[in-house]
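Order as written gives the chain letters A, B, C, D and E; numbering starts at 1 within each chain.
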Amino acid sequence: MSDQHASPLVALVRHGDGSVEELGADRLDEIDQRAAVAGTLVWVSALSPSEGDIEILRREFDLHALAVEDLHKRQQRPKLDAYEAQHMVVAYEVAEAVGSGLSEIHIFLGAGWLLTVSWAPTPLVDAVRRRFADGTDRAGTDTGELLYALLDAVVDSYFPELDRLSDRIDALEDRVLEGDADRGSLREVLAVKRRLLELRRILAPMRDVANQLLRRDVDLVGPAALPYYQDLYDHLVRVLDQLDVYRDLLATVLDARLTVASNSLNAIMKRLTAFTVILMVPTLIAGIYGMNFDRMPELNWPLGYPFALALMALAVVAAVAWFRSRNWF
Amino acid sequence: MSDQHASPLVALVRHGDGSVEELGADRLDEIDQRAAVAGTLVWVSALSPSEGDIEILRREFDLHALAVEDLHKRQQRPKLDAYEAQHMVVAYEVAEAVGSGLSEIHIFLGAGWLLTVSWAPTPLVDAVRRRFADGTDRAGTDTGELLYALLDAVVDSYFPELDRLSDRIDALEDRVLEGDADRGSLREVLAVKRRLLELRRILAPMRDVANQLLRRDVDLVGPAALPYYQDLYDHLVRVLDQLDVYRDLLATVLDARLTVASNSLNAIMKRLTAFTVILMVPTLIAGIYGMNFDRMPELNWPLGYPFALALMALAVVAAVAWFRSRNWF
Amino acid sequence: MSDQHASPLVALVRHGDGSVEELGADRLDEIDQRAAVAGTLVWVSALSPSEGDIEILRREFDLHALAVEDLHKRQQRPKLDAYEAQHMVVAYEVAEAVGSGLSEIHIFLGAGWLLTVSWAPTPLVDAVRRRFADGTDRAGTDTGELLYALLDAVVDSYFPELDRLSDRIDALEDRVLEGDADRGSLREVLAVKRRLLELRRILAPMRDVANQLLRRDVDLVGPAALPYYQDLYDHLVRVLDQLDVYRDLLATVLDARLTVASNSLNAIMKRLTAFTVILMVPTLIAGIYGMNFDRMPELNWPLGYPFALALMALAVVAAVAWFRSRNWF
Amino acid sequence: MSDQHASPLVALVRHGDGSVEELGADRLDEIDQRAAVAGTLVWVSALSPSEGDIEILRREFDLHALAVEDLHKRQQRPKLDAYEAQHMVVAYEVAEAVGSGLSEIHIFLGAGWLLTVSWAPTPLVDAVRRRFADGTDRAGTDTGELLYALLDAVVDSYFPELDRLSDRIDALEDRVLEGDADRGSLREVLAVKRRLLELRRILAPMRDVANQLLRRDVDLVGPAALPYYQDLYDHLVRVLDQLDVYRDLLATVLDARLTVASNSLNAIMKRLTAFTVILMVPTLIAGIYGMNFDRMPELNWPLGYPFALALMALAVVAAVAWFRSRNWF
Amino acid sequence: MSDQHASPLVALVRHGDGSVEELGADRLDEIDQRAAVAGTLVWVSALSPSEGDIEILRREFDLHALAVEDLHKRQQRPKLDAYEAQHMVVAYEVAEAVGSGLSEIHIFLGAGWLLTVSWAPTPLVDAVRRRFADGTDRAGTDTGELLYALLDAVVDSYFPELDRLSDRIDALEDRVLEGDADRGSLREVLAVKRRLLELRRILAPMRDVANQLLRRDVDLVGPAALPYYQDLYDHLVRVLDQLDVYRDLLATVLDARLTVASNSLNAIMKRLTAFTVILMVPTLIAGIYGMNFDRMPELNWPLGYPFALALMALAVVAAVAWFRSRNWF
């Protein structure tokens, strides 16, 4: 991938005989001739293209003005746009290396050619391209099949992310059930919540894209490819279902946090009651023997003082026992 | 079932005359000949098939690549996939013996044959197969009727599970209403919640599968079988309705838990107020008679000390009575 | 109804001339002859039929296997099942006499006959039958009109139930607003919640049944009867709307309960603060005059002791006044 | 309106030439002759009709049995019922004079005639009738246009109600934000909630009525009137949107109330901590100088007593300062 | 824009050759002649038109009575109204200068002309008009393209608003996580909530307008413009998705606020317990040595007093250490 950074535009041409030829950035103007040859499939991939690169792509592939605008603006919703002679799909691959954890990818499809533009590492999509370059993939020269391979790779990137989220929620649940209700766990609840909302916002329109492809609103998917797109759609629905489950669990964890805090408060109040009473009782006894009455027999007892101390100790022990018996201490 | 573990693949061939023949794993290559005979129905069942077994099944039944992938990956969403000459249904039977409590089952249907693959005990589905082997079931040689028998068995497995969940929620409600708000009940709330979410995630797509069969999107269900599939669909909707009721009840139980904790806290605070006041009053009296004024008549009374003690006792009794009257103690 | 218990199966035959004849359980085999006569309408009603009675009904009316299974199992979801030559409707009448408060009723309709099966008192449905027997009802010999009369009676049973629920929620709201937050009201909240969920679970599918009849998916409803079924549907929607309103109110009552508990806690804490301070101040004064300094002028005052007591009383009064002024006491 | 009470049935006949004639209750039998004249429009309005009045109306306008039943029962859901030769619309005008704040109105439409029945003041609908009597309204002799005028008047009555609700919620929000969490505001929250639910329950079906008229399910609305009914529908959707906004705000206010109570509790606890410590410190000092040790130098100081008092005062000041610095007092 | 205030009605006429002519308010009666010329596009913009101005516009453009009413009433829901020979679109641009932050704009479209009416600054729409006046915009003489340019400008105004809301919610989250739970943050929560609800109420119907245009219910959008309107629709859906995310986050922040308050309360109660105990222990010791027993050896010790003080200090240190070890202080 290192040389890809050096030259952001790379074109792979797969000929009808299965051989794959790589065109450098300087020979991109040959693309349309190649794509026009029946049985040939051209895949141009661009990583973080400059303004100039985008202009080259626009000219070479006759991209629609809106599609070009999207390339400049980025942060598009996943969507399937149908232009006159081409289609554009926007998708997101989960990539931990990226700040937001999501790597945007724009896929353009035309007759005999496919263009992918991304701005950050997309490991699974890159693996598809490597297999395409090696000729070790299933897809022949059909852009529809190649699109499936790309979208399938993208969707596969969400399953490890689901596992990570599941682990985080399980950990949160354990922390809360063990009585941890500090600010760190709250921060984590909010972080997981944000992640869930973000993924949902990306995946719901991706499911709609899969559904559009499945309902054959566009002529990209042939009958033989239908089960594959059905499978893709099922996977996306599964991921979304799982996100909803997580969201529900997270809400319950947040609620549980509140009730754990209530329990904790109750425990403290019980203890406070106990401490107060336990210390007030000997204080009262000391106060009694500090009274200045002329005739207080105990005061004249030879062992009056030890008796008073013993009485205090006894009172403390009795109070502790009483609170223990009521489970308040 | 013990011998089934020894040989994971078992084929039952029911001939037109009702007689049933069992083919061992070594004669699976005869299946297609048998299935081709009109009036014959072949049911192959596989328990935890190895890679090699799956390859045999793939070759013998000409399984679609995606279906084979699903057999390898498992943990599929319940679904009905239509391939060229066959259908696949994924369903889950509730089975307490399994870790997750749900036993996955893949059902393939073709002309004259049916293949079921599972990886854990499925008692109700096994019972259907025993009746098939005995010839004591209603289904003739129609795969559609056999599919109904299987799905009906699967759905029946959810009703005892519903009863268990109902019992757990009732028990939780009783615990909470009796003032129990400890961490154990919270753990149970979260566990029931997880179970409800998990079942919902399985059952909603199973209802959709029943609906697809009912709407006859696929040609598996004949007109005579329609009332049966309608019944199946009704049962699934009933289970889902019940899950929603449970979910709602559980949310209310969690809310009730919070208000029980509030009540408990209020009770403790009242008691704390009472204790504090009850002990502070005699302490104050002792303090008063501990003052060093030259002229404090009570101090010289012969019975001053007993009088002071009696005054303290009286104050305590009065305070207790006052708090009792206000329901604070 | 007492003799009905003795003989659970009763057949009423209304002839074309309006006269009504009652057939005992021993003459049920004449039913199909009677039903076959044009202009004749036969209504068989069964209360808690035995296995044998169900078998008789099955044979006589040629009931579908699934319908018979439903008779044995009971606790069906309200539904409209269409079999080849007959229809079945499952509905529930509110009946306080029954444990669950809901009395299940299965209604079968065929050409010239109607069969109702119930297992508990159904006062409003029984009233329809009495009017049928007297010939004082509107319905002629049309099963569709009779079905409307039955369903209308069933739906009418929900309105008093709504009133009862409304009263219970109003009472709860009053209790909560008056500061009652004890466990009894919580138990009542949960009970009303359960009742609402139960009714919703019954009524939503009953509305769907009314809608199916209205959309004329089945040929039971003639054009003249349409406004009547529209009315039925409107009533069911009204009941469901009202249930949703109650549910929303109940949730708010539960929330209000929490805030009432918070208020109550705040009040107790204010009072606790006040009590503590009020009693600590004279205790401090007593402590001061209990100090053993050689020169404490007040100690030698002739009225030092009354002065000290007055000082304490003054301090208490001042503290009380101060707290009162801040609305803390 | 006073004479209207005297005679609940009033008929207005607008002739083709625009002149309007009023028929008293005694000449209602002339209505059908008048309505039959082309270009003539008869509007009969009934206020709190007696049983006898309803019977007269039934006979004169050939009302459907269900419509008559609705007139007797009242409290119908807003709806549009289509009978053979006439339509019935049920709507509610907001009227503060009525107990529930909602005044029910039944509108019947036939060829050349319109009948409105109400049981309480309906100021805006009455204004439409006054304009009809004066001939100052837009509507010609078309019942569809007159229906629009009536429904538009009804919907207009909801906007001031929305403003009142908005004011109440704003006032509640201000009260809560100013820390008021007493029972009065809770009562108000519940009252506003009930009002919102009640209005929603009325307005959602009214929107559906408007939509039915708009979709031309019935032949009441001509193409020229469509924009008017679209406008009516838009207004109803706007009111419903606003109700949803209010509902959401109210829920947030109730939540905010809880957090305000928490804040208040925290403030009290801080203060309690402060008071307790501030008073315990001088009490401890007094206790120390009340000890009976033989040699306590301070006791013999000439200014020992003022010194002790000063020490106490200093301790109090220091404690107050410390708590102030931590914002606890 | 200053001269625009002076004369609220300004007409721009773009001729077929691209030249643009500005007509003053006094020459508005020439508009229809100009608009009738093929290839000419007239754009009249009105800012805060007076009653008289509206009457002029009504006459000149033959506006529908309902549209005129909307101009008088304002505060319409975003909508697309189709009248006989013209369409009206109501939209809102975010404008910070306006009190509500939303600037209403009514757009009328007819053959060859477009009329925009607004009552407050609409910077982005004004920019479109400036580009129209300069001839530097893409749109030719097609009202459909001009409508897109206007709506695109309006929608673009929401993105900075989203960023502002995001910043406010992030700031709130930080404040809450840092333990700030004062009334200011609550006020801010409610303010953001209101803003979200208000934007949602505006944007949901604007999305519906975009969808109506896209589905070509009206003949305003040609096939070439479809991708543009699809883009518009996508943007609106994106904004609405984002609003839902914010709403969800805000609810979580409010919940988090409650748990932060619980934590804070727990911390205070722990501290209170600690303070109470720490001060009660030396008080008890002082009380003990204040007892008046005849024989208390410590009292006669030469260093008895320092011993007692040291004992108190030791007790305090021990208590502090014990509470520290339990993380209570």
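To be clear about the criterion, a residue touches a chain if its C-beta (ideal position, glycine included) is under 8 Å from a C-beta of that chain, and two chains touch if they have at least 3 such contacts.
None of the values given here were measured: they were computed from a predicted structure.
Annotation, chain B versus chain D: rotation angle of 145 degrees from the Cα superposition, expressed as a multiple of 5.
Taking each chain's centre as the average of its CA atoms, chain B and chain E sit 43 Å apart. Computed from the mean C-alpha positions, the centre of chain B lies at a distance of 27 Å from the centre of chain C. Shared contact sites, meaning residues of chain A that touch two or more other chains, fall at 258, 262, 265, 269, 272, 276, 280, 283, 287, 290-292, 296. If you draw each protein chain as a dot and join the dots that touch, you get one closed loop, with every dot joined to exactly two others.
The ring of touching chains, read from chain D in the direction of chain E, comes out as D, E, A, B, C.
Remark: chain D residues 64, 66, 76-77, 79, 81-83, 181-183, 186-187, 189-190, 193-194, 197-198, 201, 204-205, 254, 257-258, 261-262, 264-265, 268-269, 271-272, 275-276, 279-280, 282-283, 286-287, 289-292, 296, 298-302, 304-305, 308-309, 312 touch chain C in the complex. Those residues of chain C that touch chain D in the complex are listed here as 173, 177, 179, 227-228, 230-231, 234, 237-238, 241-242, 245, 248-249, 252-253, 255-256, 258-260, 262-263, 265-266, 269-270, 272-273, 276-277, 280-281, 283-284, 287-288, 290-297.
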